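Look for chain A in each of the two complexes below; its partner is chain B in the first and chain C in the second.
Right after this comes the complex of A and B.
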């Protein structure tokens, strides 16, 4: 999995490429941890090229969402492919995370 | 106007003590905010100001003869707590009495000073000292000696006082009688409004307690569906059994998310009472579980939001009542907003449900 993180104005843009699964969830979490603190909580995650997420990925998205909520920010996941969106839907995570 | 030597001495004393008053202001405001938070009391505002030299000079010009020293002027530091409801002023004053030493001789309850046929300034003023038990700095012992004024009033009392202050009181110029009468009429109206707000709040609290006992009694058909009753119903964890069963498919952890977004969905599905929701749950839980089995088995997804249970119940209800894929699109739009995924997901689910005899 490839992760690109960049700051744009007051928000962070994350671009995910590939699968989030057991082999790379730890790395994904480490990369996301800096985004769970700081003054600019808004995060936009581009999922165009994310091909899959496992439960570990869902847990990391949940941690991110909670940290964003605690700082009164907004997090949006964009351009998810239908297979990945299905994972969020059937687990009820679409009720927790904003997907556009 | 030039001040006499006596007033100049008071002014010198003020300049010398100004930094201590400023420090006292910050300490008192912080102590009050912490205590309010600890007691879970939400107020409209806590604010404070140290009288400016200009303002003090004005006061000394008018009535400097009344004061022997600066200590006789009790409002050099003024702190104000503005509550939302007038009946909360008494709660706040009880807290203040616990926190500060009150100089009762100089404290006034202006709410009780007005004649029964007069309407005007309503506020509770305490003259206080900061006890050592609350805060003590051996290098600044004066923090515990200086007096300050604590004003407590409701938001509407505050609005009136601010307007009055701005229009007349501040300049100490008597407002012409016709305007004074209008200000009094406004004060009467705001007092009435304050009382009504407190009354409405009490009634709503009583209603909520009643709803909780009605829901707890289990007479669900007698409980109309509204935001309060739905919240009370959710506190019974009514979808737990289905959620647990769905979680068991992959030995999943359940994440406790909010089900309140489903309130409008259930209303739109025609639910009128909590009993209607209970019937939906009882009639469709098995199909909702079957749907989860089709979706989750073999995926290894071992985390589920609790809302997945109610989501599946709504999906099954919609399909079994013949609302079809269009009904599902409306459901998803209500929950997640209009987006391109809704129609795709609705079509997929509709086909899946037909294939597996859920409908």
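Right after this comes the complex of A and C.
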């Protein structure tokens, strides 16, 4: 998986490419940890090229959402493919994370 | 096809790729996604929790019944006896603040596969997941 992080105005843009799975979840978490603190909590995640996530990835999206909520920010996941979206749907994550 | 992995510490990826390399899995992207996800969740459960420190074996088997078109994935280990199907299902209606990730893996398997069975047999945990393909 490839992760790009870019600061834009007051928000952070994250672009994910590839599979989020057991082989790279720890790295993904480490890369996301700086986004879980600070004064600009808003995050936009481009999921266009995220081809897969397991519960290992969901765990990190949940951590991000909790940290964003705690700082009264907003997180949006954009352009998720239908298969990945189904994983968010069946686990109820679509109800707690904004997917556009 | 069947293979025993020993030890399994840090071997999740190898075990998943072994099962996904089966020529019996059709070249159907949506189906492969569901199988990979179920396999990853089930294998991770064994690798992380079956043995103290991951020192132990896991036997992974995938087979296909030409008559019924049912694909079967069987995982066997000699770790701590544990029936993942008896775990409480996660409450998928909770808010982000109240959610945690526990039990989500096997819940995903149940949703993605047609059927999952567990038994404890001759000192082994046996998890059998099936899905009709084609």
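Structure notes:
Methods note: the second predicted complex is superposed on the first by the 100 of 100 C-alpha atoms of A that agree within 3 Å, B and C clash if a C-alpha of one lies under 4 Å from a C-alpha of the other, contacts with A are read in each partner's own complex, and residues count from 1 in each chain.
Throughout what follows, contacts are C-beta pairs under 8 Å (C-beta built on N, C-alpha and C of every residue); 3 or more make two chains touch, one makes a residue touch a chain.
Note that this is a predicted model, so its numbers are computed, not measured.
With chain A as the common reference, the superposed partners chain B and chain C clash. By the touch criterion defined above, A:59 lies against chain B and chain C together after alignment on the C-alpha atoms of chain A. In the superposition on chain A, contact of A:99 is made with chain B only, not with chain C. Once chain A of one complex is fitted onto chain A of the other, the partner contacts of A:48 are absent, as it touches neither chain B nor chain C. Once chain A of one complex is fitted onto chain A of the other, the partner contacts of A:85 are limited to chain B, with no touch recorded for chain C. When the two complexes are overlaid on their common chain A, residue A:40 makes contact with neither chain B nor chain C. Applying the stated contact rule after C-alpha superposition, one finds that A:27 touches neither chain B nor chain C. Within the superposed three-chain model, A:10 lies out of touch with both chain B and chain C [touch as defined at top]. By the touch criterion defined above, A:69 lies against chain C but remains apart from chain B after alignment on the C-alpha atoms of chain A.
Across the two superposed structures, the residue set of chain A contacted by chain B and also by chain C is 54-55, 58-59, 62, 87, 90-92, 95-96. Taken in their complex, chain A has these residues touching chain B: 54-55, 58-59, 62, 80, 82, 85-87, 89-96, 98-100.
Interface of chain A with chain C (complex): residues 21-23, 52, 54-56, 58-59, 62, 65-66, 69, 83, 87, 90-92, 95-97.
By the touch criterion stated above, chain B contacts chain A in their complex at residues 252, 255, 257-258, 261, 292, 295-296, 299-309, 311, 335-337, 339, 341, 344-345, 348.
On the chain C side of its complex with chain A, the touching residues are 12-13, 16, 29-30, 33, 36-37, 40-41, 44, 90-97, 99-101, 104-105, 107-108, 111.
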